[in-house]
Amino acid sequence: MRYRFAMFTLRLDNNTWLLAAMALAIAPHTPRLPIWISLLCLAVGAMRLIEVRLPARWLLITLAAATAAGIYASYHTLLGRDAGVALLVAMLTLKLLESRTLRDSMVAIFISYFLVITHFLYSQTIPTGLYLLLVVLIITATLIGINHPGRQIEPRKQLRLAAVLLGQAVPVMLVLFLFFPRVPGPLWGMPTDAYEGMTGLSDSMAPGSISKLSQSGAVAFRVAFDGSPPKPEQRYWRGPVLDFFDGRSWSATAAPDPKPADITVTGDPVSYTLTLEPHNKRWLLALDLPAKLPPASRLGPHYELLADQPVRQRLRYRAVSYPNYRAGLYPGATELNRSLRLPALGNLKTREMAGAWKRAAKDDGEIVQRALELFRNEAFFYSLTPPLLGINSVDEFLFDTRRGFCEHYAGSFVFLMRAAGVPARVVTGYQGGETNPFGNYLIVRQSDAHAWAEVWLKDRGWVRVDPTAAVAPRRIESGLAAALPAGEPLPLLARMDNAWLMQLRMSWDTLNNDWNQWVLGYGQERQYDLLSRLGFEMASWKELAVSLTAGVGALLLAFSGFMLWRRVPVGADPASVIYQRFCRKLARAGIVRLPNEGPADFAQRTAMLRPDLALSSTSISELYIALRYAPHPNASDLRQFGKRVRAFQSQLPD
Amino acid sequence: MMFRLINRPVWRRVFNRIDVEHGPITLDRQRIFILPTRHGLMFAMVLLLMLVGSINYALSLGFVLTFLLGGMALVSILHTYRNLAQLRISAGKTMPVFAGQQASFTLCLNSSSTTERYAVGVMLEKQHPQFIDVPARETMTATLALDAPQRGILRLGRFTLFTRFPLGLFRAWSVLDLDMACIVYPQPDTARLPQLAGVQGLGDRAITAEGSDDFRGMRPYHLGDSLRHVAWKALAQGRGMLAKQFSGQALPELWLNWDDLAGMTTEARLSRLCCWVLDAQNTGLSYGLRIPGSTLAPGNSEVHQRTCLEALALFGIAPHKNAHPTN
Amino acid sequence: MHPAIDQAVSQAGQIILGKERQIRLAFACLLARGHLLIEDIPGVGKTTLAHVLAQILGLGFQRIQFTSDLLPADVLGVSVYDRESACFKFHPGPIFAQLILADEVNRATPKTQSALLEAMEEHQVTIEGETRPLPEPFFVIATQNPMHQIGTFPLPESQLDRFLMRIDLGYPDARSERALLQGSDRRRMISQLKPCMEGEQLAALQENVRTVHVSAALLDYLQALLEFTRVSPLYDCGLSPRAGLALLHSAQAWALMEGRDYAMPEDLQVVLPGVVGHRLRFAHGETGAESSSPARRLLDAVAIP
């Protein structure tokens, strides 16, 4: 019974470790959890810390049932990502209340490990990774602590051993990570809430929706160009095309004709690799206009690139675009009709002005010019914080407020065109991007979100017109920060005034990009790439399994060799180590020193057995005795001793 | 855990080939077994879950974590193995006990390498283990307790040395038999020595009655002198511990005879004699022992007492030490 | 080899033939300020050895023949009332000498034995409350007859520990015995011996013994030896720290005699049987006693670190 006590009861120190490990594992989840679960964690933690008597089993079961009910009440389900995490956290917390035996503690540790992995459902950034590595270290140290019954080990040793174990696991992890066969796609249906909270373009545009997105410094995608990047004014990244106006917001109509109209391209193509952050929608971004499409994608009716599946993971694809193109010279009638539709009512002043323009103009091109001149010559301002607009939003914008962001200009421009009988539509996407000099790629952020217009002109097809460029030309050439007047609130990352900060920011982004590319983006494609480069053409599961087992086995063998090989003890007397070498040399000649044989006796015996070695072995033994037993041994003697032993030959000269 | 497997017939056949050994044993590859524990299997299940989750959600860092923990579990096999490997086990001293008491067997665990060993468990079958840490290049002792129900020689038999350190996912163990034995004296019964029975306060009165007129002087007290000879009066006067010296302190020789106990069973006789030996030693009498087969000349010393008790313990038992006594 | 000791040893060797190791051990014991117990049957030269040592070292010599009726006062001395001066006058016993030969010490009663042993330990004698120092150097050679004899009191273990070494002389080999039989009378030879060292010289040598260097490596070995006796079931009970000190001092003395200013494992190994022989006992049931001595087993079992 005494032993049982020593072995199984959680000691305070292990208890503290366990509490700390679990607190660290739970902490990042707390903002996402209902407040009452966080409070439950705190309460249970406090109970364990002051060592209250643990509740009885029936009470625990009741408590667990109540917690499950509470979670169901909060999420209306027990399945799914968020509810699942909440349940796991609650389970772990309640497990603490019955941590009496070693087994309970082990289960708590395992749940903690599992809790770590759930964080990756929300974030897989470098800081998250580093933080969770620390958490894993602490959990492992705790695991070591609870497997050391009796006296507590020093925390420093505990941590060091945990670090050694994890450090030695890294090579094994690398081999498995690189060679474990990757299967694309989910194994089963994903819970619907798995992809909430992804930012990006929306499939509709109301005044203020893009300006809101522009406040975000989040990365939308990164592009590495094969050659030199195109000029800033050509960097129009096409996203959803919106051709339906309901009087307030623009949205896309479901296209009955999925085939895009004809395209003819001229000039040099631009090839690039784009890494798109997940946004849970189907469109892929591409430079106007994409000609060679990435796999599992198609071109939509408005030349937008569409993936077969919503983009829920970071997606890396190659595409080729032609900045010089002619598209839709011969569009279908329905398409043109859709691009002329306006709501029946509202915005009368605008309609009137457009009607006047139409009557005066010789052709559609002139109407476009009239509209752009209006924006250029009248007192229009580019602003992230435009005043709110009423029912007749276009009228109010064009004649009263005259302050707006790109969606205001693009929207009102398209309205004007349609009112004047020119087929037009709104194109949203991104414009510009920042060049990262360290990584030689372009970063496009949500703050680069943009909206522009496309008009259809006879003999020219669909032509891009950017009314924002007429108001704030610098927006197109230099980006948002340059275009906005001073005093406008800007996302921090879009500010470029501090060179030092800029550099830091760019280095950080390079690191993030590499992280995304090589760690997070390591999937089936990259794996095949790596394997074929290593000589596994069309690697099969079998080959992968063999290489995996071989790799891990070789690593473990190397470790065991390293760990179990009898090494020279640290702190051993160097003279003694050298003397051992001397003894081994003699042992090879058949003269084995007994463990209890003194050096002088051994030398004497050697001299008797092998008179030819008498001189050398005696002098070596004398040096050894002097070094090991005499007062004040000196370093030169040690060197001399080492030299003699190295030179010592026990073999008989032939 | 895995130890339970050993009790099953198949395993028993495998592990029963353990030889009784005398000298120090160094745990090498042939002696150490290693298997995952129940917790290790549980951990494997958790890892499998994590792996499936990582595949389903395509979590790259999930893969990293899963493989890191898997690698750690694999590496821990080596650490667990190393925690026992090259450990030197040797038998320590065992003190004789009386029947009915618990015998303590001391084992010396020596770590000659530079690795510190943690939580090395030592246990007898079906008993709770004792855990000890063995620092690098040091020797630690572990004690195994075993009930000694009968007089004679108590053999420790087979014991297990195991460790689950560092992660508890694997258990390395070695079953050893170091041929350790302990002498179990007969259980003394409560009957007093007849010569002293009835005499209250045996100590001083019994002695002073013998050679009171031969007080010769005093000398400094030495460890080992009987406390009855201490001059307490002198001590009280602050002259330090002095021992009284007597001349002609020729106490009568007392013979403890097997034959005096006719009519009792062998074990009862031995118990009675054992009690008498203890009594006689306590009173400072010079006593001798006569039992069939051996006669021990009178004396009074620790060594003499031990010799007498050993003779009683081993009565009727073959003298060579490997013999199994009554059990 | 130290020249003065060398000379002394060779001189002693001329009288006690074929016993160089024992003579040297006796010298080492003396240099380490310890006392010597010689255990052997009568007639192998125990007394002669004591005589020779006293003569060579120029020490004051007293011989006490222990018998069963010997009283402590016969060893230490007594105070006798002196009529002329009307006070007690102390008549020192034979113990007041530099070299004592306590012959057949196991014949005396334990009381008398302990009187001698206390004096050995403390280098002083306390009689009737008065403390009298013994001369320096003070060296006791006690002899004991190991054969079980009626009416003897073998020294108890606690008393044996007071002797630094116990040696046995054994029979001489054939060549030495022949030389002994052919040679002249030993007594006359002893009386003709010239002292080869003075009192101060001996004291200086004894002082030097303590300055002999003992390296950490040697202490490791010594501690390993002690540790082994304490944990091994071979032995009844382990060596005491006093035994450890005895080993150390004896090894130092041996090293000094070898002319070295540092001690090494071989020194320890040479003196160990003498030093631990009377302190170490096989445990019950250990049957190694016939094949090997406890000291031998100890030396075999412990490796030199």
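Labels for the chains are A, B and C, by order of writing; each one numbers its residues from 1.
By definition in this document, a contact is a pair of C-beta atoms (placed from the backbone, for glycine too) under 8 Å apart; a residue touches a chain by one contact, two chains touch by 3 or more.
Predicted, not measured: the structure shown is a model, and the values here were computed from it.
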Does A-B or A-C have more contacting C-beta pairs?
A-B
Give the identifier of the chain nearest to the protein's overall CA centre, each chain being represented by its own CA mean.
B
Find the geometric centre of each of subunit B and subunit C from their Cα atoms only, then give the gap between the two centres in Å, rounded to an integer.
37
If you average the CA atoms of subunit A and of subunit B, how far apart do the two points sit, in angstrom?
61
In whole angstrom, what separates the CA-based centres of subunit A and subunit C?
83
The answer for subunit C against subunit B in the complex is residues 111, 114-115, 118, 126, 156-158, 227, 230-233, 235, 237, 283-285, 287
What part of subunit C is in contact with subunit A in the complex they form?
213, 215, 217-218, 261-266, 269, 299-305
Can you list the residues on subunit A that touch subunit C in the complex?
573, 576, 595-601, 625, 628-631
Give the list of subunit B residues in touch with subunit C in this complex.
90-94, 106, 108, 139, 141, 180-181, 183, 216, 219-220, 222-224, 245, 247, 301, 303, 306, 310, 321
State the interface residues of subunit A toward subunit B in the complex, per the touch definition above.
1-4, 6-7, 102-103, 106-107, 110, 113-114, 116-117, 120-121, 124, 128-129, 132, 136, 140, 143-144, 146-151, 153, 161, 165-166, 168-173, 176-177, 180, 182-188, 190, 194, 313, 519-523, 552, 556, 559-560, 563-564, 566-567, 569-571
